[in-house]
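Below, chain A partners chain B and then partners chain C, in two separate complexes.
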Partner chain A sequence: MKHSYITPRHKSALTQDVQLLLSFFTITILMLFSTYTFLIYKNYVFTSEKETVIIEKNQLKVSLSSMKSKIEYIEKQKMLSEGIYTKNIVLKDSMVNLFDLVPTRITLSEAKLQEKGLILYGITPNKDVYNFMLQAPLRSIFHRTYSSFYPAKNGWLHFVSTNYIDEEDIASEH
Partner chain B sequence: MLGKFFESLYNKVFVNIVIQGSITSIYMQECSKKDVLRTVQQDFNTLTVNEEILSFVSSYIKETPFYYVAILDMSTEQGAVPTCDKNRVSFFHNMTSSEYKCKDEKWTYYTGKVELYGIEKNYKEVGLDFIFSPFTLVSNFFKDKINSDVALYILAEENTLSLCIFEHSELLFAKYLIVNTVDAGTYDMSDASLELINEGVNLDEVNALEEMEDLDDLDDFGDIEDLDGIEEIDEFSQINENEEEFHEEAMLPEGNDENFTRDYDRFTQIQETLGSFYNDKKYDSQFVQSVYIADSVGVSSELKKFLEEEMFLSVYIRHIDLGEELAKLSKLELLNEA
Partner chain C sequence: MNINIPRQYLYLSVISLFLFIFVLVFSFSVLIPNGKEYRIKRLDVKKHYKELRSYRNLHDETYSILKELQGKNVRIITAFDTTFNPKKFEKQNKVYFSDLSVKEITLEEPQEEFAVYEVNTSSHINSPKSFYDFLDSVNKSNWIIAINFPIHFKRDKDIIESSFTMKVYCNNKERVSQDSVSVDK
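Our next item is the complex of A and B:
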């Protein structure tokens, strides 16, 4: 029940001083909050970048190890190829030497190069020409040499020369 | 919710303006949620709001936005009528130019709109939150008494009397009277208001004096000597019990010449008004045997003597601190607002 003829004026706790104080606090809190938010954002960005870098680092590590193994493999391959190349050179030289060994009077029809052996098929005018001119150098190269002859239609002799190098002897030589 | 929270952080300051003759008395009360923290009262020898009053009030209200300024209505056109029915109100008073409010769905108090705006205007520097009717103040001050048998309740101020007659909390009659208007003329009211004061006084006095002749009806009480045994009647012995409650307040000052004249004026006004109550057919006239005076100015023992000896009334005087009572009403109003 109201007794007064007039209604009281509106009273507000938000006086000018309080408004100023509240504005100040609000601005300060907003600034702190925005700084906090900015720091959280930067921290998040930094963390995510850090995670990315760690992942990249791990990937690089994996890649590095993979590359290392590839390099090793390539090096091995290189060494192997170099070995093969050397062997081929040696083989080529051997072949050249071999063909140099073969005298002009003896004709080779087939040559089979094996890992530790050499089989030569050919035709010789006679056994002596073969024995002196071809078998002698072959024996100086290979450890074991076997020769077999059978007559050709023209009176010459077909020959099969089988030559081997023994492993034990090679090892002992080294 | 936030407003309530902020409100609870502040103390409330009740600034109560009491006009007593040519003095403006400012009664400050600072209250926490439960207690009265401090009270200050200072009198200013002016009737307008000057720099001195403003600085005094400002020094107390600057610490809180929750301050409430209250004043007692001093309009000459104010009064109260014993009904809340809008159709019946006009039977007692023409309310077209009045602001009125119903109290307890039982009676209505009113005041002149122009004078109400005038009061607001006069105190615009300090600003007013509450303007209370002296009749609500009286009913609130004597709330422990007005629910009893028919009795006259008076708020005695320096230049005014607010009279109301209650029976079991029902208002029977009310009148606002100006006493000793010549001294009261220093109050800076608008010319229209002063004119209204003069008109009101003149009319009341003339009518009342004429009606005094009708008091011959009091002869129905028979021989006055029969009243010697008044204390033997049960109802009056009950009144004696009440008198004990008022014993402290009954220590009244001896009147000097000025007080005597003023109290005599008060007595004649009361006598005339009671006469008009008895004779006016509009009111449900009942015999008034007790009068309770809320004394804010320190009436002399002469008034009590006059009322007891001339009108055979049982007089009880209770001192009232108008500032404190205004503060109580302001608090009550704020409770109702909430």
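Our next item is the complex of A and C:
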């Protein structure tokens, strides 16, 4: 049996090799778990982001459809009002033209403006004045014109002029 | 042949092998599926963000169009919103007539979007010019008014009796309330 006279070295389980290996193990496991944590976190973030985006998208869709219907409605209001304004202007112009047609020698006592007709009541010095100065222009506007006369107290003639535009012609014009 | 491997190295080799197996198993069973999920979700979110951006752009464009339209047509929109008030109408248009009265107001069969009131009026005017001025002013009034036939003028000494029918257009309240409910939702 051999004996040594030197004091024995203190031996540790954590030798330099083991320390190196353990640090390598630790770093590897840390990297693995940090990657795993990153992936889990990111997946969670993406899921919640997607939900938020979908909610926002749906809100935008609702708001968009509401705005579109408002735009459509305003366009309709605009079209309707412009049509009405034009009709009022046309009505005014046709009334101006109508009253301009009546010569100074003829006096109107009543006028009934209808959608497809016009009835005029008045007084004229004689039939010729009426025929040439009022009936002729009325005939050029209306399709059917009827006149009737009856004597007035002052020797003039009362007249009733009934004028119509045929419905078929209005439709074909449109 | 006697292979003399120190026991320490044997332990180290076994632990290294164990770590290697752990890394492989962990990677294939956990990391790679999660990584795939991450890639899919990232692309999906990107796609949703892209769609959201296009919706926002469209929303902003539509909003500016709506505001522009509302700005340009304030008077018309307000006129459609205003309920017809006969007394106010008479007061506003008295300047054109020596006498004006709203006789009868009837609600026509309700249309889908607009309510139409038929209003019969009777008035006295001094000359047709007053009526022309009234027709001009009607287009600038607080309501959307269409002057309708029949229009009747009858001379009575120095004044002219006139009667005419108007159609007053306003928003159908039911439709407006339905719209506001859907916007609230």
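Just so it is clear, the second predicted complex is superposed on the first by the 91 of 174 C-alpha atoms of A that agree within 3 Å, B and C clash if a C-alpha of one lies under 4 Å from a C-alpha of the other, contacts with A are read in each partner's own complex, and residues count from 1 in each chain.
Convention: a contact is a pair of C-beta atoms (placed from the backbone, for glycine too) under 8 Å apart; a residue touches a chain by one contact, two chains touch by 3 or more.
Only a predicted model underlies this, so the values are computations on that prediction, with no experimental measurement involved.
Within the superposed three-chain model, A:Ala152 lies out of touch with both chain B and chain C [touch as defined at top]. Of the two partner chains placed by the overlay, neither chain B nor chain C lies in contact with A:Leu30. Contacts of A:Met79 after superposition: neither chain B nor chain C is touched. Once the two complexes are overlaid on the shared chain, A:Leu14 sits against chain B while remaining clear of chain C. Judged by the touch definition given at the top, the superposed model places A:Ile55 against neither chain B nor chain C. Within the superposed three-chain model, A:Ile6 lies in touch with chain B and out of touch with chain C [touch as defined at top]. When both complexes are overlaid on chain A, the residue A:Ala136 reaches neither chain B nor chain C. If you count the residues of chain A touched by chain B and by chain C, you find the higher number for C. When both complexes are aligned on chain A by C-alpha atoms, chain A residues 15, 18 touch chain B in the first and chain C in the second. By the touch criterion stated above, chain B contacts chain A in their complex at residues 3, 6-7, 9-10, 65-68, 70, 73, 99, 101, 103-104, 111, 116, 120, 127-133, 136, 140, 329, 332-334, 336-337.
Note for the complex: chain A touches chain B at residues 1-6, 8-9, 11-15, 18.
Across the interface of their complex, chain C is touched by residues 15, 17-18, 21, 25, 28-29, 32, 35-36, 39-40, 42-43, 46-47, 49-50, 53-54, 56-57, 60-64, 66-71, 73-78, 80-81, 84-85, 87-89, 91-92, 95-96, 99, 108-115 of chain A. Across the complex, chain C meets chain A through its residues 8, 12, 15-16, 19, 23, 26-27, 30-31, 34-35, 37-38, 41-42, 44-45, 48-49, 51-52, 55-56, 58-59, 62-63, 65-66, 69-70, 73, 76-77, 79-80, 113-114, 128, 131-132, 135-136, 138-139, 144-147, 149-155, 169, 179, 182-183, 185.
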